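Quick heads-up: structures coming right below.
In the two complexes that follow, chain A is the common piece, with chain B as its partner first and chain C second.
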Partner chain A sequence: MSTPNKPLIQIKDVVIGIPHKRRPTLIIVNNANFDINYGEMVGIVGESGSGKTMICRTMIGTLERRGGKILSGDVVFEGQSLATASESDWKKLRGKSIGYVPQSALAGPNPVLTIEAQLAEALRNTGDTKDIKARSKELLDLVKIRRVDTVMKQYPYQLSGGMRQRVMIACALATSPKLLIADEPTTGLDVTVQSQIMDLLKEIRSSMGTAIVLISHDLALIDEVCDRVVVMHAGATVEVGSVKDLEKPRHPYTIALNSSRIDIAEPGSELVTIKGSAPSVGEWNPGCRFADRCSIVQSDCRIGDHPALIGGSGTHQTACIHTELLERI
Partner chain B sequence: MSESQKTAASQDVKMEVEKNRNRAALRRTFLGRVIRSVVVAFWVMVIAFSLIRLSPGDPVRMALGADVTEEAVEEFRTQLGLDKGVLTQFWDYFSGILRGDLGYSYFSGRDVTEIVGTHLPVTLMIIGLSIGFAAIISIPLALYVAMSKSNTVNYLFRALTSISLAVPGFFLALMGLLVFGVYFNIAPAAGYEGAFPANLKYLWLPALANCGSLVPVLARVLHSSIVDTLDEEFVETGVIRGVRKGKFYWSYLLRPSLAPTVVLLSYMVGVMIGGTVIMETIFSLPGIGRELITAVDGRDYPVVQSIAMIFGLIVVFFSFVGDLTGYLLDRRVTLS
Partner chain C sequence: MAEFLLEAKNVSVTFGSGATKVEAVKNVSLTLRAGEPIGIVGESGSGKSTLARVLAGLQVPTEGEIFFNGEPVYKGAKSYTGEARRQVQMVFQDPYGSLNPQLTGLNAVAEAVRIHDKTNKELSETRALELLRRMGIAELDAIKKPRQLSGGQRQRVSVARALSASPTVLLADEPTSAIDQSAQAQLLNLFRGLLDDGLAIVLVSHDLGVIRYLTNRVYVMKDGVFVESGITEEIFNDPREEYTKILLASIPGTLGTAARQKLQQG
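This part shows the complex of A and B:
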């Protein structure tokens, strides 16, 4: 992709597998390719099992904990390879240059520690242990938590889901990271809280210049807050482009995702769903893994490897080899 | 006042209310437990009072032996108050307790309060040591197995805990005596010395044998709690946050997992008391359990009733301490 500066993080042909002693290694992500630039807000969208979370784990270094492994390709963060990073390398990166907001707001904070203790832990990562208390309060102010003094002394179970997620964001921001990864940060939160959290992320991006990766299955949400979108299907990036690019999708899967959006559905009309379900890990046929669900599938779609992303107009890339047929959909 | 200030203020009020409610709950719980322990102790005493009288055998003849006249027997019976009706006897004993008087042994004539005072510390020490050993063994064991990805380790853990669950405490005690007392000669086979640090020499082996039945249960419960905790999202957050190793093990794995184990441990104090009675007999330790056995043998009514009541109190006390510790470790635990 042609951006003036070098990207902050590059996902280069990453293949992720789960090695097993007796069975062959299970490939769960194959052909993942995209970049994230400094200060950019990128959404990763896809169905469950499309490998969104796995990709996110490569960026935060928790893949091996869950039994996964980068088999080939690389993740490059500011020129440093993360695929080969050791645990001590990760110690320098995680919670410093890269922040993470977990999926479940309710289970994210440690239930046995007060908010103050958790913020202090995050702040100690900066190496500066002065004025931890004052800095903790600043962080809570930053994520717009009121009655800071009370909240500091409370345990997570005393806070609402939205508050807990704000605290998690505060912890992630403690070290002023360059990259913030938010893995479905609004799961389980109601819609008004969801939009508050999104507004907060947007604000953080603009005030602190933090690049944010937002993982979601909600295209509408991503459209609203992100600059660029990465669409994943069955362990592969199938389309990458700016939000504006994605208004004219160039992959049948993105088109299908778009037409199944609830927010643009005609009132009273039946909701559109995508035919079939994403092929399960380990049951991938040769060729394009969307072929079985695609309405414009051709015979050459089922041959060879999964198609790689091909550049179209500038930053807009698609993995569809028959874009000329897209008008038929 | 703006809308946001209003909500903030109402939230503050809500938090204050919740705080007060928590404190009130804590006070209520404490009071409730005190009342509960008194009630439990009372009923245990009533049951012990009835059961010992229902069992065959005349304490008067047992105390005096065979070579006495009928008059002497009757005289002693009157002296002990055993000629009165059961209800009167109960009232005499119960009102004595309220005055702090537990009665006198039929055999030795010793004040029961004094018997308890001399022998209870030994028993409590064994229980305390057993809990200590159980914690020292089962916590690292459960943690190690839960963190280990090796199938062999997990299999061994399950197998060994099953086997040790099936081994009775007295067998473990005898084996311990044989190995440590006879073969290695590092533990005295019998005897006791009263003063605190010196008596540990006599107590460590009984305590170790006593916790043999405790460790597999605790380790298993703790192991499964830790395995559940490991799946929790906040553990990953801790890893990502780069929390120091020691702190990570304590705050992110043990503390969120310990509450069920601690509560279970406190409920098992009753079982441990039973085990302690056996250990005291095997190792001839002057604990209260051995006093109880002698007293039951001789139908020494006041001693049996009082010790049973005290055991009831100990069990209730420990279960409260366990619940409270569970709550302090993890505030999600609610006190009932």
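This part shows the complex of A and C:
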């Protein structure tokens, strides 16, 4: 970690919407706010539909392909504003300074390309076209694939899910990115494979100094591998803090999420569930979007805008305006 | 009354022949008592889903037999017959793929009720609503189509559908893999309620946290065979097989920490 505690990428009050010809623009993320420092491993947790993947897309510039748009706020990567970046600006960043490992390992690699061709494509992106074969092999070594020569000639369907995900990580690492975004990289993979992939990410972080964003809904997993955690609910960041901070969560949503964990529950005991379901995208009431599901909701929680994060960047931040009542939960 | 409600004796399943022959399940035996929760745990390709399909009456075993209440299931038949058929029901992994996209939750469950109870539309809908309410789906959500429901809600509709037959055995193949943590907690609470009502549950999963939480006994499967089986708590505290130890050490968080330490100490 060359320059710790210095932000590599900053998500600043980002509002993401999907414009529509006839209907008003659908706001899908509102109040997203957090930094990721050089060499840091940050987890983003939240339910499906909380905006985790959308935030990712702002960091790799694929938001507009999906019809999304940053309406206000900014994403700043090493001092460069990404909200207004053009496609040609993105071409210099995506797959170069910023790597991406998609969610679905099984569908990730191109099915009609051999692993060799796949890696070669990623490597040519660096602009350096020398020794591509040798460098491909190095990459496969890096992600701990054995029988490298055989695997190079194989097609994705001949590999297991874990191997495919390793290949995807190898592709993302081809350009030695400063930031690697992994969107639920182990969903659908076995626990043993999951722990191998996590060990691999940790190793990459410490050997290459890559900052890693890990998106997951598995709190136990994030606890184990990340330095800091960003909790999202209904398109807003509701809590940001170190893994240690999050042991004593300061937002009712995080508290509820924590107590629904089965890995710490007594077998057969009643599991705590979060009341109701997350409000549908864009169908947000005024005030805090967790209010309808919150057990300590007060009348002033339902007025105005969704509360912003309280506390300075780098500290334990929460968007709850009634933290004094948290002990009642 | 047989000792076991459901019993698998020396079951093998082989797909293909010659060079492409795959032995998915090799000579496994399993028992399930009435009202008991058991787990089958293993990685992808270990044969656990194939075994679940055999138990559910969806896959004829190449060798061996399944006994339901002491009666052979596949002897001269391709699946469960008569009363036994409704008593063993299955919930599938993918709540997006297992529901008819054209039917509302209510219609999907009512259809199943009509088939099993042979009642009319009105009675079947009342019963369906009752089942859905028990699964935590209010009337307002029951009249929605699958695409309008969340993954957790869809999975609960699937469970309601399985329950419409008033089964004594519920086979659940990775019911929590595709849903969020809070939805998972909700589903597991419901499963616990079903156990209290006397239903036996066979939970197939690679999620050891879920297995630990819900089951009394567990079978650890690898490459088509059971490498270890026994009381869930004992297996979690004192695994004998190397494979089980590795599996436990892979669980993220506190649950795997102890297992990891033990593994490192050798």
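As a working rule, the second predicted complex is superposed on the first by the 320 of 329 C-alpha atoms of A that agree within 3 Å, B and C clash if a C-alpha of one lies under 4 Å from a C-alpha of the other, contacts with A are read in each partner's own complex, and residues count from 1 in each chain.
The definition used in the following text is that contacts are C-beta pairs under 8 Å (C-beta built on N, C-alpha and C of every residue); 3 or more make two chains touch, one makes a residue touch a chain.
Small disclaimer: the values here were computed from a predicted structure and weren't measured.
Student: Who does A:81 touch here: chain B (first), chain C (second), both, or neither?
Tutor: In the superposition, A:81 contacts neither chain B nor chain C.
Student: Which of the two partners, first being chain B and second being chain C, lies in contact with A:224: first, second, both, or neither?
Tutor: Touch status of A:224: second partner only.
Student: Just to be sure I read the superposition right, which of the two partners does A:150 touch: chain B = first, chain C = second, or both, or neither?
Tutor: In the superposition, A:150 touches chain B alone.
Student: Output check: A:298 vs chain B and chain C. Expected answer is one of first, second, both, neither. What do you get?
Tutor: Neither chain B nor chain C is touched by A:298.
Student: Tell me the contact category for A:126 with respect to chain B and chain C: first, second, both or neither.
Tutor: A:126 contacts neither chain B nor chain C.
Student: Answer with first, second, both or neither: which of chain B and chain C does A:323 touch in the superposed model?
Tutor: Neither partner.
Student: Just to be sure I read the superposition right, which of the two partners does A:113 touch: chain B = first, chain C = second, or both, or neither?
Tutor: Touch status of A:113: first partner only.
Student: For chain A, which residues belong to both interfaces, chain B and chain C?
Tutor: none
Student: Give every residue of chain C touching chain A within the complex, in rising order.
Tutor: Within the complex, chain C touches chain A at residues 43-45, 150-153, 177, 180-186, 188-189, 192, 206-210, 212-214, 232-233, 246-247, 249-256.
Student: Quick one: which bits of chain B touch chain A in the complex? Just the residue numbers, please.
Tutor: 4, 7-8, 11-12, 15, 18, 232-234, 236-243, 247, 251-252, 255-256, 329-332
Student: Please output the residues of chain A touching chain C within their complex, sorted ascending.
Tutor: Residues of chain A touching chain C: 47-49, 160-161, 188-195, 198, 217-221, 223-225, 256-257, 260-265, 267-268, 270-274, 277.
Student: What residues on chain A touch chain B, complex-wise?
Tutor: 60-62, 65, 91, 94-95, 100, 102-104, 107-113, 117, 121-122, 125, 146-147, 150, 154-155, 157-158, 168, 171
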